[in-house]
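For clarity, chains are labelled A, B, C and D in written order, and residue numbers in each chain start from 1.
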Amino acid sequence: MLRDERIPDEELIEVESALRERWPTGADAEFESAIAYHESLPTTKRFADALESADQPLLQPRAGVPCLDDQTELLRYLDKEGGADLLPTTIDSYTRDNEYEKAQRGLEEARESGEDTLNGFPAVNHGVEACRELVEAVDAPIEVRHGTPDARLLAIITLAGGFQSFEGGPISYNIPYTKEHDLKETIEHWQFIDRLCGAYTKRGVRINREPFGPLTGTLVPPSIAIAVMVVEGLLAATQGVRSLTLGYGQVGNVVQDVAALRALRELGEEYLPNDVVVTTVFHEWMGGFPPDEARANGVIGLGGATAALAQPDKVITKSPQEFQGVPTQEANAAGLRTTRQLIDMMAEQEIIIDGIDKEQELIERTARSLLDAVFDHGDGDVARGVVAAFNSGALDVPFAPSDSAKADVLPARDDDGRVRILQWGDLAVDQEIRDIHDARLDERARTEGRSRSFRMVADDVDAISDGKLIGRPTASESDSEESGRATDGTDTIGGEGDAD
Amino acid sequence: MGQTVILGVIGSDAHVVGITILEQALSAAGFDVKNLGVQTSKDEFVSAAQKHDTGAVLVSSLYGHARQDCQGLHKQLADTECDAVTYIGGNLSVGQDDWDDTREHFRELGFNRVFDAETDPSAVVSALERDLDHRTAEPETQRVRMNS
Amino acid sequence: MLRDERIPDEELIEVESALRERWPTGADAEFESAIAYHESLPTTKRFADALESADQPLLQPRAGVPCLDDQTELLRYLDKEGGADLLPTTIDSYTRDNEYEKAQRGLEEARESGEDTLNGFPAVNHGVEACRELVEAVDAPIEVRHGTPDARLLAIITLAGGFQSFEGGPISYNIPYTKEHDLKETIEHWQFIDRLCGAYTKRGVRINREPFGPLTGTLVPPSIAIAVMVVEGLLAATQGVRSLTLGYGQVGNVVQDVAALRALRELGEEYLPNDVVVTTVFHEWMGGFPPDEARANGVIGLGGATAALAQPDKVITKSPQEFQGVPTQEANAAGLRTTRQLIDMMAEQEIIIDGIDKEQELIERTARSLLDAVFDHGDGDVARGVVAAFNSGALDVPFAPSDSAKADVLPARDDDGRVRILQWGDLAVDQEIRDIHDARLDERARTEGRSRSFRMVADDVDAISDGKLIGRPTASESDSEESGRATDGTDTIGGEGDAD
Amino acid sequence: MGQTVILGVIGSDAHVVGITILEQALSAAGFDVKNLGVQTSKDEFVSAAQKHDTGAVLVSSLYGHARQDCQGLHKQLADTECDAVTYIGGNLSVGQDDWDDTREHFRELGFNRVFDAETDPSAVVSALERDLDHRTAEPETQRVRMNS
């Protein structure tokens, strides 16, 4: 039965042994020699120390290609030309689905053809030694970034391979990523991973863990993201994790983003045990990007400016080629440097913005309400509570594809561009808070001369890629813009005119 | 109105935002929507269509593998004597393929209408209203851009 | 004798006739037919109306190439691909020096070779008809941008040619641009230009005038820039100008930039007659840019964000290729779009920053003190006063090459990155204000563990192109950074180690 | 110390920031600086050098026309029996010319030291201290970058 309790040593060892047999490379992932290996690494490779001791936000990109030498070269490039402080290794999709055989075929094809036949680095297939070669080949600490619901074997191999940070979590790598993975089972899998990190930690190798804060990446209300981060943090802490980086994805409203990052840090420190070092990571806009590098640079610029104001411990940067998928290494490095320039130019300025406290209070109050619901649903057990809360809809994530969540919640921006909740489903939030959101959305509805509806959601989802923050009714609907548009629209049937 | 519409993301694709919004738009327009969600197999589409005697099957795909994922879908629908209109929309090809070719390809597969990823949900609603009320009208495919 | 008095009609006509004979194209610049031409233009070409009625900052790039068809194509590109709201036509350097023969040779070479042998559009040589073709060929209103101390003939021809906005002014196109032009004479020349604009205005063709706010473009203290803008505005208003756009160049500190733009608008409206419509223009960073497009985009991003906060009426954008000189049209358009994305994403957010009022008060107080000195120096006559004030150093511009200014003032950033005055020369500012600046600079000196000195100025001048706002002592001086640097320095002789 | 140093921007170049800061640096180091300002002609450099019996002539150029502007400068200085050391610094060539070629060119014109636009003023001060105290040392040219 699922419980938020530390996995006993013998169970850890037993499960670990069984998992290592799932793929030949598991054999080399021996814990004692891994400890010795970590101890042999220079202090500059200590991810947790580097992150926790920084006095400015550290920058980290995303990057993963199939072959070891290409991945080495890519990371060196991002270090040298992008000035990344922390490096990533993004894992391929097959590995995320535990399809190691497919990943193996992809890797072999990549080696033969020289093409990137996988969308990431298949670390399980590469095995412990290759991971260590990668760790040694670059100067900065590296994190495993993926999106794997059952990442146990990936964790066993990459941690033995010298990585000291591991992204993901049972909710954040289930609810936004898959349809059918059972949440209860995913939690058990991540309890194992956190327990493994705890075992390293106990031996003096503090593995940094980073739940994935942006969730579905699309207008996620900060309170929901923060509640999920705290739950994942609590589950990890129980298993012995002592370095936790809680995440949050930019929504694009400066006040709300700064307030959310402060609330995240505040609640993280409040809810997590004192012996856990809590840091925060800010993800530059994870939603749709403009199909234009110049405009994309504007989005990245706002991300950098927000990071400068909010001072998270880490920033995951985007590239100007975000729209078209995986960026070139040059574009990836450019995103890092644009962000750096903004942070460095703004870092020493004292910019105190009004109203952040008030927004932070609203976020914290809502997040507490969701966390209370989780504890209530589990009779005090956060593991059982979170499963039950997602099941009842008391905790919910907008646009969640997972069958484990109701996904009844729909967000929309208010008249100031802050993300509010339009449809509540069964979210465990009291009427007073709901009234605040409703009032703010009504304000927007009045401004736009339309009623609150899913159309706002649809418009908001596309707004930033269309060059705005808020999805206001378009000019062709309100007839206020110059010609041209109308002409362009004549060959569309069933256009907006028809539909209204 | 009140006709049943099946909606889902085909294959192992997990992009949920588009169908979530489309579901809302169709419901608001009075359709009875069965949202099969993401990662829906061909078989699941077919059996849902059969079960609900559906008027339309709306397939979404955003991860670039729609060609493979839809292979044989119309044959299976025909085998169950389902005469629903079928739409597909999303990022329907990998890379920079020409849209006309892409549309033509999916028309040949049997889709009545083909939409790109920039399509406004209201355009789908209007098309459905048209196709389900006026089944004699000649089916068309077109590209509708929301903001250009 | 120089006086701030309206030039009589007969003098205007007499001088205009004489000037029109200086170059053959002058003959076509006939005032009455010009009025008729302006009246025939569609309302969308009315520069002043477009600018004054906008509800969001309008964007305008800089751009000028020698040939008419190329200039037409360039402006169309910036309109269509850059989304510029207002278009420029930047004049070449020979024309700025009144060297029309050299400009003519350059233009002919350009036509023959197809190369841009001039760094701008020689409007005098092109003449009235070509200007009109250009005005008609593009949709947006166009402004003449140049840097010409004696721009009288240029004004006669371009205004007759259909342009409705004319950049520059007697101080702002003398003090930062030339060494030997006499300020008194330059003022007389600009009185003529403003009088000509006034004549158009009186006939219903409101010509917009835009003094060049950034001055030397290098750490200009806002109070100095604003005092110069007000003086130029007053001089123009006397001659009948009724649409005035006062300028300000970004210094990079958000609070100071917003405060300065507000102070500029405030003092502009206070000092200028009620029948003058005052608007403001914000120039994105005019100092040295990073030699890297990605970092340059960061600088532009901060400019866009500042514009979104300050809401000037117009923004002159920079391009990511700023470092290398004249940008390609693509880069120019990219700068426009990056700026637009930031403004559009931030426009609807309410972001209220603390401390702007206090900074604005300090700026206004200092600017008033400088303006009082100007009035005193001229016994109430602003034209004579400004000459005398520059002569005595009561009014001064840092880094001014002109012999008409003392250029004894040196600026430096304080610990927050705001531009303060390090060396006062004879600037007409009381001890209380000086003490505030001194205290802020001492604060910085303490932070950096060095004394206040010109080294701060040198470091600040290069800081933004080096990726920071404030020119802190570099790592090699303070020995706090990783190795590498020291090695790079070994083959330099007389390096910093030697000098200290 | 206390030796006179002539400083100016040659030709019709109006870039004043560099020499303003250099003037401050040289004054602070105890040199007697005559700053001729921007847009200074060859003749003005030569007559100032003659008038002040200067120890060094420092030429700045940032607008890319230094080659033309400096043509004949050293001949004129020699004609007046001026034996000042001469430095030049700034953006000394148009476009992406190779720095070694540029430096070589200005050495051949007669400049004792050639600096690029990234030079820290303190490097110029140190070089001058060296050259004016130890005139027997062999003149050198080098590229000094402040921040790389």
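The rule we apply is simple: contacts are C-beta pairs under 8 Å (C-beta built on N, C-alpha and C of every residue); 3 or more make two chains touch, one makes a residue touch a chain.
As the structure is a computational prediction, the values presented were derived from the model and not from experiment.
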{"item": "Separation of subunit A from subunit B, taking each centre as the mean of its C-alpha atoms, in whole Å", "value": "30"}
{"item": "Between subunit C and subunit A, distance of the C-alpha-averaged centres to the nearest whole Å", "value": "44"}
{"item": "For subunit B paired with subunit C, centre-to-centre distance based on mean C-alpha positions, whole Å", "value": "55"}
{"item": "Separation of mean Cα positions, subunit D and subunit B [Å, integer]", "value": "73"}
{"item": "Subunit A, residues touching no fewer than two other chains", "value": "none"}
{"item": "Category of the chain touch graph - line, ring, star, complete, other", "value": "line"}
{"item": "Chain-chain contacts as defined at top", "value": "A-B, A-C, C-D"}
{"item": "Residues of subunit A touching subunit C in the complex", "value": "252-255, 290, 292-302, 304-305, 320, 333-342, 344-355, 415-417, 464, 467-470"}
{"item": "Of all residues in subunit D, those that touch subunit C in their complex", "value": "9, 12, 14-17, 20-21, 24-25, 28, 37-39, 120-127, 129-130, 140, 142, 144-148"}
{"item": "Contact set on subunit C toward subunit D in their complex", "value": "97, 177-180, 216, 218, 398-401, 403, 407, 410, 453-455, 457-458, 461-462, 466, 474, 488, 491-496, 498-500"}
